[in-house]
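Quick one: the structure is below, questions incoming.
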Amino acid sequence: MRTAYRPRTFVLELVMVATAVAFLFPVYALVTLAFKDPEQIANAPLSPPDPPSVDSFGTAWQSASLGSALLNSTLITVSSVVVLIVLGSLAAYFLARQAGRLSYSLYILFLVGIILPFQLGMIPLYQLVNDLGLLGTYQGMILFYTGIQLPFTVFLYTGFIRSLPADYTNAALIDGASHLQAFVHVIFPLLRPITGTVLILNAVHIWNDFFTPLLYLGGSGRETVPVRVFAFVNEYTSDYGLVAAGLVLAALPILVVFLLLQRYVIRGFSSGLKG
Amino acid sequence: MASEIIRPQVSRRRLLQLMGGVAVAGTLAGCGGGNSAGGSGGGPLKVIGAGSQEAGLRKALDEYKKQNSSFDFNLSFSPADQLQTALRAQLAAGNAPDMHAVYPGNGSAMSMVQLSKANLLTDLSDQAWTQKIPTGFKGAYQQDGKTFIFSPGTSVLGAIYNKKAFAKAGVEVPTTWSELLTVCETLKKKGIVPLALGAQTPWVTQLINYALVPGTVYAKQPDFDDKMAAGSATFAGSGWADAMNKYLELQKRGFFNDNPNGTTYEQATSMVGTGKAAMAVQVSAVLQAYRDAAPSPDDLGMFPLPATDTVADNWIPGGIVVGLAVSAKSKKADEARKFIEFCGQPDMINTWAEAVACVPLYSEGEAKVDPVLKPFLHYLSGNKAVPFMDQRWPNAEVQPTHFAVVQELLGGKTTVDGALKKMDEAYRKTA
Amino acid sequence: MTAVMAPPVKPAPPPVKRVRRGGGIAPPWLFAAPALLVYALVMLYPSIVGAGSAFTDWSGVGEQRSFVGFDNFQELVHDDQALGALRNTLLLTLAIVVVQNGLGLLLALGVHTTIKSRMVLRVIFFAPVVVSPVMVSFLWKYVYNPAPDAGLNAALNAVGLGALRQDWLGDPSLAIWSVAFTVIWQCAGYSMVIFLAGLEGVPKELHESAMVDGAGTVARFRHITWPLLAPAVTINVMLSTVGGLTLFTQIIAMTNGGPGYATDTLSTVLYKQAFVFGKFGYSTAVALVLAIFVAAVSFLQIGYLRSRETTA
């Protein structure tokens, strides 16, 4: 109910801003910590840094090798998401448009993947990736994420495609286009909203995933950001300032991307999931 | 969107390659696997160590490489819990590194007994240094008469203390349990936390019991472990109850920092280093971390924690430190064995032992021992040292159960009887 | 939301003459093949092989394993630790579902108004969603430092609430709620945006006519907004339930299941059985039970929530 700005609205505004301030307290604690030297941390844990010191950031960036970790994370996330979009939309198009018991069973088979706990297949999969010679490689991670995230991706795409009228493709097909051409030129552009959702949900998940890259990439030199940060935090755990700086640096890239694209990200998270 | 149109072909082709890979891997497995890669193979020796052995292991590898120009290695470390995860996944997949950290004795999923039973470790029995293993420690290195791990020696467990804090309170090193309580009382009155306890970190929870049971259990019943194995003894009703009650007494009298269950190992370390706390019960292997936390390394000393009021009964816990084993599946086993043989030489053992503040397995002439460990040496030579208890526990479940019940005791969620009953139940489970 | 893009301009189809061979308009199998292959390779095959070990006594390493039938499942029924973990899992899930969604709804209602800061606030409340759970856990582990002069305790003291200082992660009765709160802090923004999308779909006219009829804010929420939010409630409850039942990273990073067994969940127990206790077969049995449990809960929930949507 977007009505006029009334005294009641002002009270609400105050309440909401106060909530946000309380909500941000942990972030404040972390960021100020990162700018303090050990003495300030010991004596004045909550006051603003005075004078602020940026030493910790340089040390953290170096010791956690965050530069290359960012590169690794970006490469793995972008490639996985692209493969997911291509494979997921194609499969969903088939599942949504092919009537029949077989394709329905296939759809259910994909849905099962959403609730399978990853621990169940963890060791056999590790064995398989090892046998394929893909341990410690980007390809191994991309293959893993594609497989793991396909169920959810297929689920989102299928639901969306089912809500589209079939007429457009029929028209194109009758025009003599091949199925692939019809998909590429007609269907895929129509999928833009849900593709945005798929892209954002998968990218956030893959970027932030921790356990699998720890298992698959540990010691390979291709570790992603969360793995490097985890090792770094464990190593310097008693040096709060340094740990805080490492955490701030590691969280910054995705937060910056989020702030730049906030409207799309928020829409991506909420749309497509709306029933 | 154009770029995405082209991708399907690419990934389909890659997928076919992958499927090809599966087929190939399947064939190899059919031929018995492993052997196919041919000979010793190139590339560096892959080594995964435990965080606590880093200083010594790195020195040994560097030194060996200096002497053998053709030798190369790839060394990585991980803290205890990650080691467990990553290494076990690799072992499960038959992808073990050539050499890796293994805990001595039994009692953990990454222990010598458990792994050698699964045929995952290479027999080292023909190496010269294995002849020097004292009878009392054979159980740590050997299973069925075969030696499976190398370890540079014994680490002891006692109280690491801040000398300045002791001086400030005017107290001396205690030699009996009652003296220990008096010392704590005096420290507390001076506003110093007597004992820092970081029990949020699971492995720290066990240390005070480990320091006490040599006195409350083993001094009276040196064959306690055998009786346990035979089923004629239980934790409940043994000197373990005495030890746990003493643990709780320290808490009830306010001798620990506030909220030990919420305090981490690192926080406890820094308390002792800075003198905010006076003591922490710890293994000598972590001395370096305490020294790093103190203004000067000389501020810190170590003494055996007295468990009883009878000085003669105050035995100490002294256990073989985390070791190194050669994977049974390694294609470079010969190279790895040569390196282990190198580590077993007296000067190398000494160097490694010194780096991790432990007492060397054996030495020719005077061993170089960290001076802080001097008060412990006569216990070791006088056979009054008991290996860390878990090394003779039959499965990997007793130790984590011990961690959990101590946290429950500290949190007031169980009783000593209840805690020991749980440990007995875990002990009786099959390996 | 999902405003469908204008379709590319195509001339009207000519009269149907050239019907394609095969007659159908359905795309060929080949479209699903790559996805199916990767899915089978990465999820189905390993999960089936893994599930097989639930009926063995495999330690997780080495060759020795023998078939033990349903022994692992029988052990599970008598395993106090697993039963305690089940209880914790349910408590955590309940707390997360109720509080996260309640808070998310309040936040959504708060920013779905004319307040000036509404856009900034949305961004602030949503931001933690995109940060890695591991990092959020580390952050909160610091915030939960039990020392009276650090983190949350210091903040409480600073605002005159010093009496509320706690051993947040060390007190066995409190630890589970502290973990739940961390999850709620990170995910409340997620619930908020889903509710916001729902609120945006509520027609203004309904509110206006209700106001003319003299309905107050509460009455309008109860009779107009809340029923129309039903689909958003379904999504939110489903997502947070599955998230709560399978919660793992935050617990391992913050408490490792402790103190004692106070924060162990089914996920942490099956992890520990596999990697710490060396009982891989048993661990897989726990994983299977968890999977079936999650499936059953989701199924029941979706049935109930959907029927609620239609009757609302």
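A, B and C label the chains in the order they appear, each numbered from 1.
Definition applied: a contact is a pair of C-beta atoms (placed from the backbone, for glycine too) under 8 Å apart; a residue touches a chain by one contact, two chains touch by 3 or more.
The model shown is predicted, which means the values in this text are computed figures rather than measured ones.
**Q** Most remote chain relative to chain C, going by C-alpha centroids?
**A** Farthest by centroid: B.
**Q** Any chance you could check whether A-C or A-B wins on number of contacting C-beta pairs?
**A** Result: the pair with more contacts is A-C.
**Q** Distance-wise, how many Å sit between the C-alpha centres of chain A and chain B, to the nearest whole number?
**A** Computed value for the inter-centroid distance: 37 Å.
**Q** I'd like to verify one number: the distance from the centre of chain A to the centre of chain C, where each centre is the average of its C-alpha atoms, in whole angstrom.
**A** One centre to the other, that is 15 Å.
**Q** Taking each residue of chain C in turn, which ones touch at least two of the other chains?
**A** In chain C, 34, 38, 41, 60, 274, 280 touch at least two other chains.
**Q** Counting only residues that touch at least 2 other chains, which ones in chain B make the list?
**A** Only 8, 11, 18, 22, 85, 92, 267 qualify.
**Q** Please list all residues of chain A that touch 2 or more other chains.
**A** In chain A, the residues touching two or more other chains are 87, 90, 122-123, 128, 143, 189.
**Q** Note which residues of chain B are touching chain C in the complex, please.
**A** 8, 11-12, 15, 18-19, 22, 81, 84-85, 88, 91-92, 109, 114-115, 117-120, 199-200, 202, 258-263, 267, 395-397, 400, 403-405, 407-408, 410-414
**Q** Considering only the defined contacts, which chain C positions touch chain B in the complex?
**A** 34, 37-38, 41, 59-64, 144-148, 167-173, 255-262, 272, 274-280
**Q** Taking the touch rule as given, give the residues of chain A at its contact with chain B in the complex, in rising order.
**A** 82-83, 85-87, 90, 122-123, 126-128, 130-133, 135, 139, 143, 184, 188-189, 214-215, 218-219, 231, 234, 237-238
**Q** Looking at the complex, which residues from chain C come into contact with chain A?
**A** Result: residues 1-5, 7-8, 10, 13-14, 16, 18-20, 25-29, 31-32, 34-36, 38-39, 41-51, 53, 60, 107, 110-111, 113-117, 121-127, 129-135, 138-140, 142-143, 149-152, 154-155, 158, 185, 190, 193-194, 196-198, 204, 207, 220, 231-232, 234-235, 239, 242, 246, 248-249, 267, 270-271, 274, 280, 283-284, 287-288, 290-291, 294-295, 298, 309 of chain C touch chain A.
**Q** Along chain A, where are the residues that touch chain C in the complex?
**A** 1-5, 9, 12-13, 15-17, 19-20, 23-27, 29-30, 33, 45-46, 87-88, 90-91, 93-95, 97-99, 103, 106, 109-110, 113, 115-117, 119-125, 128, 143-144, 146-148, 150-151, 154, 160, 164, 166, 168-176, 179, 183, 185-186, 189-190, 192-194, 204, 207-208, 210-211, 225-226, 229-230, 233, 240, 243-244, 247, 250-251, 254-255, 258-259, 262, 265-267, 269-275
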